[in-house]
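One chain, chain A, links the two complexes that follow: it is found with chain B in the first and with chain C in the second.
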Partner chain A sequence: MKNARVDVWTLVLAVSVGVIGVLLVWPLTSIFAASVIDNRTGDLTLDNYVRVLTRPFFQTAMLNSLIVGVGGMLGALLLGIPLAVLTTRYVIAGRQFLSTLAVLALVSPPFIGAYAWIMMLGRNGFIRLGLESIGIEVPSIYGFFGIILVFSLKFYPFVFLLTASSLGTINPSIEEAAEGLGARPWRRLFQITLPLVFPAISAAALLTFVLSIADFGTPSIVGGNVRVLATTAYNLFNSEMGGNPGLASATSVVLIAMSLVVVALQRYAVRRRNVAGALIRRPVPRRLGRLASVVAHVVCYSIVLVSSLPSLVVIYMSFRKTSGPVFQPGLSLDSYAKIIREVPHVIGNSATYSFIAVALIVIVGTGIGYLLARRETVLTGALDGAFVIPFVMPGVVLGLAYVVTFNVPPLELTGTATIIVLMLFIRRLPYTVRSSVSILKQIKGSLEEAAISLGAGPAQAFLKITLPLMLPGIVAGGLMSFITAINELSSSLILYVGRTMTMPVRIYLSVLDGEFGTAAALATILLFASGLAVYLIFRVSGRNESAFV
Partner chain B sequence: MSTLTRVSAILAGAAMGLALAVPAEAQQRVSVYTAHTANIVERLLPEFEKATGIKADVVKAGSGDIINRVRAEQASPKADVIWSIGAELLEANANLLEPYQPKDAAMIADAFKTTGAWLPYTGILNVFVINTRKLKPEEYPKTWMDLAQPRFRGQISAADADKSGSAYMQLNTFLTIYGDNAAGWDRFKTVFRNMNISASSGAVPRFVNDGEASVGITLEDNAYLFLKNGGPVAIVYPEDGTSVIADGMALVRRAPNPAAGKAFIDWALSAPTQELVVQELGRRPIRKDAKPPGALKPLEQIKLVNYDIKNAANKRKEYIDKWNDLLQSR
Partner chain C sequence: MARLDIQNIRKSYPGVTALDDISLAIKSGEFFTLLGPSGCGKTTLLRTVAGFNSHDSGEILVDGGRIDNVPAHRRNIGMVYQDYAVFPHMSVEDNVGFGLVTRKTPKAEIAERVARALALVQLGGLEARLPYELSGGQQQRVALARAMVINPRILLMDEPLSNLDAKLRVGLRDEIRDLQRSLGITTLYVTHDQEEALVISDRICIMERGRVHQVGSPHDVYARPATLFVASFVGAMNVFRDIAVGPGGEVRLGSAAVALAGLAGRSRVTLSIRPEDVTIGGSPAGEGPALRLEATLRKVTYAGRDALYRVEGSGFAPLLVHLYRPDTARLAEVDTRLTVTLPVRCLHAFDATDERRIDLRP
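Presenting the complex of A and B:
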């Protein structure tokens, strides 16, 4: 009995280590190796790093990445924290509606937002013209303002969801004690409430920073003259493809390092801050005074509605009548007819790749999650550490690493659908692993042990006892992976060939070529696929918004 | 054990899905790398597939990116045909290409004859595209140097010469007129200062059409697409000169499907395809027997400079380095 138990999970462990080794460690090593090799001579050199760190061209890109990273993070915090505090601490009508819209903003691809904002705030954008007619000047959408605006409105739901769920678990008696001791509401908020949820806020801040510096589509569409590291790496890669992509690789390593520094900072900041809330009763939302209530509602609804604007614009544009690339007055299904006629395989590809990747993620992720939660060894510890990598590895970098690694034998995969599926798989796997670990921590291991002592094998015990208990969590995690997989742009853009083109790639190319009609129609299809997945997540997880982070 | 069976069924299903996702090579296929915008590709490819029964796989990117990709794949080429990219790039990379004598070689107009490593596909012409709501006719820029006027600051949309074949051609045209020397570059800088650089040449007429810029430097056919469909745009042919050259295509050396690649080139040069490209897309034909698009100004009435493709190919690295210096120092 004891032996059989070791065998099944040892096998899973071996497979996991193999998968991580081939799909993650090897590509990462290759890109690191490429960064220290001279493009022409093939000698070992630090020249690429010297250039990246000393040339003004790269220094500017680095500085710009920092600015948009910090800007996107601050913007998201500024929108997300008030929304979380107001909706959890006070009575806000339509709270469910607000959180649903916030989640929908979260699952729409950010570069769609970027181009919708051009329509609204570009030189000829309807909102700009409207505001100018009443004398309000808006800064140009091209550049920092546009990038940070898009990031803030795109990423604030992470802050909102993480902070709100943390606010829901702290013991209200601490806040009440502060009140009883005479602290005014503002002081109570800043000295008691926010410090208590600091771990959640800092985790959200970290997440938004990492996502902001990794984002490729937004700066390349509304960036104007602002170059960031992600776009620089992509451009370098394109112009270096003939040789070893040394400079692009060095830029990528710098980008990863930047994310790692922030991860370390966040971990340092929350050390010893783990306030395990002894949850006795949930905080009850209070009623606000009439004026305060009006202000609170205006704040909440403005944030959520403004962040939904890009999706509405995209949906509207997809139904506009078109003639060639020119929009005509009136509505029609032209753009949809066009994509169904001309690029049906792109829609099929996106669906197929995402489904296969998610099936693999769910199977492998659950297995690895089980190992990490129930079998703590040195090796599983290392495995856990390895999962930080995809989290801090921007899509552009992962795409580059895959080209460098899988363009040559023994595993020549470039140009195939397999490489895109594997990329999607490895990018989203860590999230499913984490969620299954946290589900498993809530399920007592003794249930399984009881089954084993009654004569079940370890595999049978897992499948019959633990798996059914995990199922709702797994399904929600799988759907979330599906949403991110079907919206993936930056790695696919590097790895695609004609027949493996996906919807986000096609949308991005259309936007670059100025074909907004077809881009909008494809984007609307993506939005609806993601919306459907959101609906299903709500169904299986009983409206638990934290399933989204 | 039923759950275990179900799980293995899912696993098997996933594995099968993976296998299915790698397509079977039953039908004859051709792999095409092109700088054509996606809408042109999607308009023309069904015609090709109908005419030849061959299925085409297309990778779309800027001219520069395409050549880089073909060079990177030199050891085991993935592309059969390079379709519609800047002529000087093909000229400069003849070692990546396989010379081919097409069926209709005799029908190619003399003006577009090439050295043989590659073939002309259509004639392309650089123009200014103007937003007619933002500028009155008397305010239109008439020459390249007009673009340097302070009133056009940030109002001129252009593509990145490093990525876009047409943008490189525009830079070269300017230097052909004003001199490939310090004075010529100084003049170019005054125009460059007013430019907004977009990531793709296809975006330039779109920006002008949408009023995001009042003037764009672009290919005639890209502008024509917006004009034909009722967009608020006008086309201006610079009075100090512009260039018309062949936009090229070529068979890739050691192409995986050379027969299909040749069939593609023959199709592209055939009379029906050339007619289609002229009528639908506003490109200039390279066949002796095809008429230019009706709505566009005849070539004889446009001031053309003597555009030297060989020189453009030889100087590419030098010019692009200078261009990138300009771009990186702004």
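Presenting the complex of A and C:
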């Protein structure tokens, strides 16, 4: 007899497959279907793809996406790697302070950064005016320069955190051996240290590239006339309701394909690199000579402080006096009064949706994570594969897919709060699943078995033994999900109606309308909520910065 | 206390047969040990009994009732793990009481039984400690108390001593044995340490690559190994492979020859003898026939209570001779020539091809 038994986890598996099927596979299929169907005749056609791939209009967008993706990635690597190497290998005063600021830069939404840079370097930006008064010309913030600047300063913390944590696990004997063999510091860095952390660096590079080409808010705020695929898909779709769903869908599929190619490239690049060794001693930071030390400190602090600048500017601006959309000298709470008067429901919406989504994510994500970690079957393997999808599916695309799928029966959800919650849920779910899998791998399976042999059912064993041990990790993951949920812009922008508007959407619209005061006040509230979550994560996870990546 | 019958259990993983038609009958109250090299399927069998592995075919019965279709948590089988598996977030008391709480035992009774179990494993007074405040040995005692306090029908232990240091291992080994005797719990114990198996068990099952080689008392297994594998795995053994046999059962090692009636009619045989059965010098009086070999001493390993000689001669494989309580002054020098005596009654014979025991004294 094969004793495959039915227990709670079979039920959880069924539910998870259902959730993934309805919320992920179906929308993805719909958008793919929409891309191969003629809008007017309803016939099967490859026309949309032919147009996307041959028309200069789309070719330019594709090229632009590639440029900002590679640019954002390179910029992030350029800032993140030196910061990681310097803070882990050498004595840098205030390392904790630096990494806290980096984490804070990480959790603030990129479009806030974009808009703050406009206030600094835009046509009337105070830094531009300041520099011009001493005769320095700054290139226009609008266009590639602005987009890549914002991406680099926004995404470098991923590179920094991933690389630093990998650097912390290299056996110091390896680097000492290289030194003993006569390798000078630079040679050691490039021939030994960096190759050893290549898997982490390439994972970070992949992440920053995917995030850069997926980002919608930044190019549409500081892009000027640089159109990328994400903004193009949005505009095609939005030009009038149902403007051109076929073309928008085809553009989306191309965008997904681009991300997938990069994911595949990265997997290929790290395929035979497993450098995890037995770690007997932890690396100890060395002291630098006086001059070198000064240079190292200047480099580290400049990177981190410049990347924190946008948040500081936004917070400061939110307290400036305003009259209408125009800032006046002096401080006041005008902007806050205005948002409480005009858009209180937006703050409520953001909080409510995020909380509900996070609650769902935590419950479902923990359950699925458990299945993947502890019950390996063909089905769980497929489930694991399905979780790559949201990772390569930009918000704009997911938003479009949801509109295409859920604006008709059997599940007519467009215009409801439900669809926004579900979208937030599915976007962050894979991250929580991944993190619960890795938490579970550190909890020995024998614990739960011992409980079962003592008479606890599978559900009871999980609730009494495994869950309490997972809790700190789950809470940290939940808070991280909360940060991303409350800052989510692109898919909400497609799915919202007046009633269900969220803070990021309102901020985006205010920026477009030139209502900088309102935008700054709302953005400050967002920053504050995210910062609070960061603080709580540090509390539960004992200052473990890797909780953020 | 219960009888455990394992019938025709098979289990394969892709590329390996972990359990190849295993059948065992374990008596009520017996201390039964699975012994075998790493990867032979001991853990797989144990976990199948516990209900954590699915098996491909076969049945498991406790007191005649099938349990292989009962979920693990209703089998009432206690389990002790190599890595202790003590719940890290619960006190000693809560760990031990866990199984009683799931059984909805009244509070007062839980307290009483937990206290008794902790006294039994000599952990009285540590009730409130958390696992990280305990040594490895103490954690394993908690696990033991936790498994026994529920009065399981069967107690399973998977290498419970292998994470402990040598001294502690011997101490706890004897304690486990005494406890099991006094409570009379049917116990299925896994180890790859042959000495531990010999000391602790009522009966031992020796496994290799998913198959059972022999089931028997420690003495049976040591003195009458059923296969060459058992002979060499349990204790030390000098092996002379693939020796020609004369028509009347004559075998020759070096210059010595002897006729063994039990081998008559065979053409080749593998012989073996334990180092402690070999003696140095002439024949001990009245001990029957023996093979006397001329050899050269190549190496002396002195270990206090014992010493080992490694000797070589022509026409037979090098062999070890065990000397009990050697007199240091009289230990021979390397390269001296000496005579070693292999009493015929101590020889083991195995079929040269299937390596099964051949009885020399039917």
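Quick notes
The criterion applied here is as follows: the second predicted complex is superposed on the first by the 538 of 549 C-alpha atoms of A that agree within 3 Å, B and C clash if a C-alpha of one lies under 4 Å from a C-alpha of the other, contacts with A are read in each partner's own complex, and residues count from 1 in each chain.
Definition applied: a contact is a pair of C-beta atoms (placed from the backbone, for glycine too) under 8 Å apart; a residue touches a chain by one contact, two chains touch by 3 or more.
Quantities reported herein were computed from a predicted structural model and do not represent experimental measurements.
Clash-free side-by-side placement of chain B and chain C is the outcome of superposition onto chain A. Touch criterion met: A:Arg499 reaches chain B, while chain C stays clear of it.
Applying the stated contact rule after C-alpha superposition, one finds that A:Gln460 touches each of chain B and chain C.
Within the superposed three-chain model, A:Ser323 lies in touch with chain B and out of touch with chain C [touch as defined at top]. Of the two partners chain B and chain C, more chain A residues are in touch with B.
Of the two partner chains, chain B is the only one touched by A:Gly514; chain C is not.
Once chain A of one complex is fitted onto chain A of the other, the partner contacts of A:Phe57 are limited to chain B, with no touch recorded for chain C.
In the superposition on chain A, A:Leu469 makes contact with chain C only, not with chain B.
Look at A:Phe406: by the touch rule set out above, it reaches neither chain B nor chain C. In the superposition on chain A, A:Ala451 makes contact with chain C only, while chain B stays out of contact range. Applying the stated contact rule after C-alpha superposition, one finds that A:Trp117 touches neither chain B nor chain C. Taking the two complexes aligned on chain A, the least Cα distance separating chain B from chain C is 9 Å. Comparing the two complexes, residues 460, 464, 468 of chain A contact chain B in one case and chain C in the other. Chain A meets chain C in the complex at residues 1-5, 7, 444, 446-447, 449-458, 460-461, 464-465, 468-469. Residues of chain C touching chain A in their complex: 50-52, 54-57, 68-69, 71-79, 81, 83, 85, 87-89, 98-99, 102-103, 143, 146-147, 150, 156. The part of chain A that touches chain B in the complex is made up of residues 56-57, 118, 122-124, 142, 220-221, 224-225, 238-242, 323-326, 328, 342-343, 352-353, 355-356, 359-360, 363, 407-408, 412, 415-418, 421, 459-460, 463-464, 467-468, 496-499, 506, 509-510, 512-516, 518.
Those residues of chain B whose C-beta lies close enough to touch chain A in the complex are 1, 3-4, 7, 10-11, 13-14, 17-18, 20-23, 31-32, 37-39, 42, 46, 56-61, 64-65, 68-69, 71-72, 75-76, 78, 162-163, 196-200, 202-207, 209-213, 225-226, 228-231, 328, 330.
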